[in-house]
Amino acid sequence: MPTVKLVDENDPNPVIQEVFLDIKATKKIDFVPNIWRALATHPQHLQLCWTRLKAIMQPGAVDALTKEIVALAVSVTNSCRYCINSHTAATQKLGLSAEQLGEVLAVVGLFNQMNKLADAYQVGPDILPEQK
Amino acid sequence: MPTVKLVDENDPNPVIQEVFLDIKATKKIDFVPNIWRALATHPQHLQLCWTRLKAIMQPGAVDALTKEIVALAVSVTNSCRYCINSHTAATQKLGLSAEQLGEVLAVVGLFNQMNKLADAYQVGPDILPEQK
Amino acid sequence: MPTVKLVDENDPNPVIQEVFLDIKATKKIDFVPNIWRALATHPQHLQLCWTRLKAIMQPGAVDALTKEIVALAVSVTNSCRYCINSHTAATQKLGLSAEQLGEVLAVVGLFNQMNKLADAYQVGPDILPEQK
Amino acid sequence: MPTVKLVDENDPNPVIQEVFLDIKATKKIDFVPNIWRALATHPQHLQLCWTRLKAIMQPGAVDALTKEIVALAVSVTNSCRYCINSHTAATQKLGLSAEQLGEVLAVVGLFNQMNKLADAYQVGPDILPEQK
Amino acid sequence: MPTVKLVDENDPNPVIQEVFLDIKATKKIDFVPNIWRALATHPQHLQLCWTRLKAIMQPGAVDALTKEIVALAVSVTNSCRYCINSHTAATQKLGLSAEQLGEVLAVVGLFNQMNKLADAYQVGPDILPEQK
Amino acid sequence: MPTVKLVDENDPNPVIQEVFLDIKATKKIDFVPNIWRALATHPQHLQLCWTRLKAIMQPGAVDALTKEIVALAVSVTNSCRYCINSHTAATQKLGLSAEQLGEVLAVVGLFNQMNKLADAYQVGPDILPEQK
């Protein structure tokens, strides 16, 4: 259960209305996801979060699907339930197949293991041949 | 400083030799990275880790660069110094430009924030219109 | 569902009774929160945890509300569901307004992002002018 | 060692110049901290990060010192070396005494423990008397 | 709710069948735990994960119960709900008493605290007398 | 570099002296490890941490080596450099062989992977046959 009362989709606050409309238009959906309704309890923070997310997630030198895959990898590593659900859905919507999802998650699992082994043994960075 | 004595690249143990040769051949490098020399203190574990990493990281339904980007995103989220260094280098070797690296890390930073905000407000999963 | 059977509030064990009474008196509540009923499965650990928490959380050089805000910031960063719920409630009871909660969580989100960017780029500590 | 070449403080890019000047003016320092010089390798991301950090960290319903304490609590929980250094320094500059720092860190340590105990026992949220 | 459709225990895929039978025989249970049914959505990854888990978890220089205790300590530190449940059950099946479980979790809680205090103060490694 | 000035081993404060002497006697060492010298900047917190660590780490229903193995598993999962060093040394002092250390770390690596895969697929707890 949320720790705050989710803001209604039709809340009259103009900052909230502008962001909510832009979220629905940008994501091409007809409802406002719960995270944005929670953030709307502090309208200025809602606006800061949304304008920044929109700027970072738009396709640029890196395509939209790769960005969503990175979002999923981060969310799994942080064990964020809400975000794992929404980014798994988002990658599928952008065309990630079941086989590709399996491969991505295999890589995520692998490096959660390897990261800890590297830390466990406290290995220093490799001296590459050209740096010797 | 490593917590174990790194195994020499020319260690005569046949399991170690086989893995070390395969690492150099597969990665097209002429030295054995430190993490593998640390893992070689337990040859069976070295072999399990390497054969699995090799299987998971080979290009399949997902290409090699995307897999390295995922490895980097996981390593940053886990703050693993050694792995951040090696996967930043690996993505660059596979062609990731400075601008693309900047975009990938922007996405990594963004969702480390959003994950915690979703947890902070304890929002439940969205009920999608088609599920209502 | 808890992994252990929660200890009854009226359990006759004298160590448990003493701690449970002190929890209710100190927190001015008339029930024992679930975490303490779980810890009571090992009475000595219950006592160690409670006496230490009571000592650390009492107002000292830092006031009670700031301590609860820190508790909430840690709990969110660790994504601990039970603790996020109880420390959000505790900060509100001590007078944190909805606007203040929004600002605190904005700071928590911000530094979960900035921490990872600092790690991603592996930046070393700043050399301050006076140390040059 | 940073994974990217830190951008020079006098880099002529106008976006970078504007942000660097604002950082120095806002923080009343005469050098640009390393994290911002690393982020400047992607000027748009630098700008997004700085404008948002400036907006969130300015005193509002929550004062500047409390915000820095929260930043420190998050950075310690994430074990971010660079950020622990800079936010410890920032809290001291804003007047946090040695005794207060000790108390803040005691609370941070305490809830890193309690968070894991709550997760270990998988306790559900408390049903408060008024909700029974 | 799982993000993928769990694979049926009787799925005809021969790789899946072989692994599922081996899981039930090795663990002496008559059902396939959910995690393996989720991993079976990518049969090759299922096989890699299972053969490796089986190899690492079999009693060797370290006994089975100690290995399960380590698995539980890791799962609690990562706050993994599913794994905390299954490894708590597994340690009990191998004979860990309620008192021993309490002591193990006390150690887990303690070092989640001490780890963060060591990071908070950024203490360097001890110079042992023999190394002076 | 530590964020505070480490307290001298011969500091005259009676609380500090009592704890420092007890640390050296209990651990049978002739110096005070750095973490305790950092904690001594807040003598009451030093005392709380030490008395609790001493109580939890003494052999009880679980032996001293198993407790140190758990401490190491937690420290690796949290990537705490100082603690990984000291608990690796402590387990070796208590007799953990190189082969056993390799097996323990293999288990730690394995479940850092499996924890994230369980989270990635959001699998619910298994319904055990007797509970059906």
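Think of it as A, B, C, D, E and F in the order they're written, each chain with its own count starting at 1.
FYI, contacts are C-beta pairs under 8 Å (C-beta built on N, C-alpha and C of every residue); 3 or more make two chains touch, one makes a residue touch a chain.
Remember, predicted model here, so these are calculated numbers, not experimental data.
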Query: Which is the least count of steps on a path of touching chains running from chain B to chain E?
result: 1
Task: Determine whether chain B and chain D, two copies of the same sequence, contact each other through the same residue numbers or different ones, counting it as same when over half of the numbers at the interface appear on both sides.
output: different
Task: Compute the centre of every chain as the mean of its C-alpha atoms, then state which one is farthest from the centre of chain C.
output: B
- prompt: Out of A-F and B-F, which chain pair has the most contact pairs?
  reply: A-F
Query: What is the chain whose Cα centre is as far as it gets from that of chain D?
result: E
Message: Can you compute the centre-to-centre distance for chain E and chain F, using the mean CA position of each chain? Integer Å is fine.
response: 19
Task: Return the distance between the CA-based centres of chain B and chain C, expressed in whole Å.
output: 33
Query: Using the average of all C-alpha atoms in each chain as its centre, how far is it in Å between chain C and chain E?
result: 27
Query: Can you list the residues of chain C that touch 2 or more other chains?
result: 1, 3-4, 45, 48-49, 52, 56, 77-81, 84-85, 99, 103, 105-106, 108-110, 112-117, 119-122, 125
- line: Residue positions on chain C within touch of chain F in the complex are 1, 44-45, 48, 52, 55-56, 125
Message: List the residues on chain F that touch chain D in their complex, please.
response: 3-4, 41-42, 45, 48-49, 78-80
- prompt: In the complex formed with chain E, which residues of chain D make contact?
  reply: 76-77, 79, 81, 84-85, 105, 108-110, 112-117, 119-122
Residues of chain A defined as touching chain E within the complex: 79, 84-85, 88, 98-99, 101-103, 105-106, 109
- prompt: Can you list the chain F residues touching chain E in their complex?
  reply: 1-4, 6, 29-31, 33-35, 37-39, 49, 52-53, 56-57, 60-62, 66-67, 69-71, 73-75, 77-78, 80-83, 85-87, 97, 99-100, 103-104, 106-108, 110-126, 128-129
